[in-house]
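Okay, so chain A shows up in both of these, paired with chain B first and chain C after.
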Partner chain A sequence: MSAQLFAGDVTVGDTVGELVVTPTEITLFRFSAMTWNPHRIHFDTPYAATEGYPGPLVHAHLHGSYLARLVVEWAGPRSRLTRFRWQNRQYAVPGDELRITGTVTSVDGRLVSCELAETNQRGETCAPGWATVELPEKNS
Partner chain B sequence: MTALIDEAYERARAGVGKVQEIPLGVLAERDVQRFSLVVGHADGPYQDRAAAADLGHDGLLAAPLYLTAVLGWETGPAEDDLLADGNSTTPLGDVDVAGLRLMGGGQDLTFHEPVVAGLDVVMHAEVTAVTRKEGRSGPLLVIEVHRRYVDATDGRLLVECHESFLAR
Partner chain C sequence: MLGEYEMVIERGKVAEFARATGSRSPGYFGDDAPIPPTFLVTSSFWAPEGEDALVQRLGLNLPRVLHGGQEFSFPGRLPHAGDRLTVRLTVESVTEKAGRRGGNMTFIVLLTRYLAPDGVVVAESRATTIERGAAS
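And now, the complex of A and B:
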């Protein structure tokens, strides 16, 4: 479990930790199964090749899940994610090293907003994201 | 290809503004746990009831994207009724996309209440806009969907999601 941040603990420009994940074909298979997603692009390498990809594609919502995970782990279990958005920019395949990072962009009382990015080992942005979390008061 | 996109555009536009109410049922603890595990929430309130209760939750906490990442909450079509690429012919409920392939473009989520295992959830889904565009590899549709997830027992709004899909 991650540590707990409190209101007043962060300032604009702080980094939002770092998360590095390397999804495998098993990761993609299990994500497809859990989300009841039968699209072959996510588990069938020969099929993915017919669409010009070097391997099955990491799901859009898995990219989003990694971005959201960084924020909630950084903020701590008593914080509350209130807003989160992300976009898909660049595909990823099993074996790609995905680095998720973020920076605090605004602090308004207990509400902290962050800009996030998931990049691959070539430095390409696969998915940018934005999140707002509500931190607890220290004495709450 | 252009004719197919044009046909899909007209069909999808006919579904704009219609709200579909889809009961998701009671969120099963094991499903909530498994999704969390796949995305990396391997402990704490996502996996341990006592940890969730310590935070005031009545059940295991769902990962933020759990509700909005699951594509199908019902049994779904038989395999023979899927497209050759595995996709459903009706990935957006009864909105007709004429067999086009959909790709998720991103989501914009607002979290109103914690989502925990044991909640009985209903989803209200509406296609809010369909736009025809010229992409680098030809014409495509951008389909905007708004979903509201509410507690079936008291109508509390849990999560709102605006999602865009690219259809080719």
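And now, the complex of A and C:
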């Protein structure tokens, strides 16, 4: 069970934990199936090569899902995500080690905003993200 | 408006989505599981015309299309397993910009609203799709 954060537990500059994932071709296959995504770029290595990529590409929404996972699991099941966005900047392929991190950038009562980043093993940012969560009161 | 249709948040699909993103968080595996925030991308499955029809109606050239980014907002609690939502898909904006390497880039923002049966918006999604023009 993930821990629960409460209002007052976090301050600006706190880290939002860390998640390290290394997607495989099976990871991509399952995410394509789950999202009914037919694009060859996510499962067909020879096709990906015709577009100049070294392998099938991690889905934009899988990058976003990893970022969202970090903040939701950090905040705990009783917290409420109010806003989440991300950008896709650099592609990733199976075998890349993706490190998802975050920092608290503002605290306004129960509302906590964070900056998130997914970086690869070369230190390139694949996907920056931003999230706001509402934490429960401690005695609620 | 590009389309309006119903989506059912199914418990098994919520658990499957969580697993597909590597999560074993127990909250996603119960009767009343909340969705992972990005789960709403699966709503395109429920579109009666299918997503290929959407690509055709927008006139997109798929190999030149990138998913630039996305935003979700949730005014209330996140949708849960068992919820029935109405999905309303619209084009919010289309903007042309000059690409850094020549050729134009077209930014299309697709706004999807998810409504509860009482008409309250429970989630909004803005997806920015970028179509790269032919290099000059």
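Just so we're on the same page, the second predicted complex is superposed on the first by the 140 of 140 C-alpha atoms of A that agree within 3 Å, B and C clash if a C-alpha of one lies under 4 Å from a C-alpha of the other, contacts with A are read in each partner's own complex, and residues count from 1 in each chain.
What we mean here is this: a contact is a pair of C-beta atoms (placed from the backbone, for glycine too) under 8 Å apart; a residue touches a chain by one contact, two chains touch by 3 or more.
Given the structure is predicted, the values throughout are model-derived calculations rather than measurements.
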Is the arrangement of chain B and chain C around the shared chain A a clash or a fit after superposition? clash
Who does A:30 touch here: chain B (first), chain C (second), both, or neither? both
Once the structures are superposed on A, label A:72 by its partner contacts, choosing first (chain B), second (chain C), both or neither. both
Name the contact category of A:88: first (chain B only), second (chain C only), both, or neither. both
With both complexes overlaid on chain A, does A:80 touch chain B (first), chain C (second), both or neither? both
Taking the superposition as given, does A:61 touch the first partner, chain B, the second, chain C, both, or neither? both
Going through chain A, the residues touched by chain B and also by chain C turn out to be 1, 21, 27, 30-31, 34-36, 38-39, 60-62, 64-66, 68-69, 72, 77, 80-88
Interface with chain A, chain C side, in the complex: residues 13, 16-17, 19-23, 25-27, 34, 36-38, 41-42, 44-45, 51-52, 62-63, 66-75, 77-78, 126
Per the contact definition, I'd like the list of chain A residues that touch chain B in the complex. 1, 19, 21, 27, 30-31, 34-41, 44, 47, 59-62, 64-66, 68-69, 72, 77-78, 80-88, 127
The chain A residues in contact with chain C across the complex are 1-2, 21, 27, 30-31, 33-36, 38-39, 51, 60-62, 64-66, 68-69, 72-73, 77, 80-88
Under the definition above, what is the set of chain B residues touching chain A in their complex? 31, 34-35, 38-41, 43-45, 51, 55, 63-65, 68-73, 76, 82, 85-88, 103-111, 114
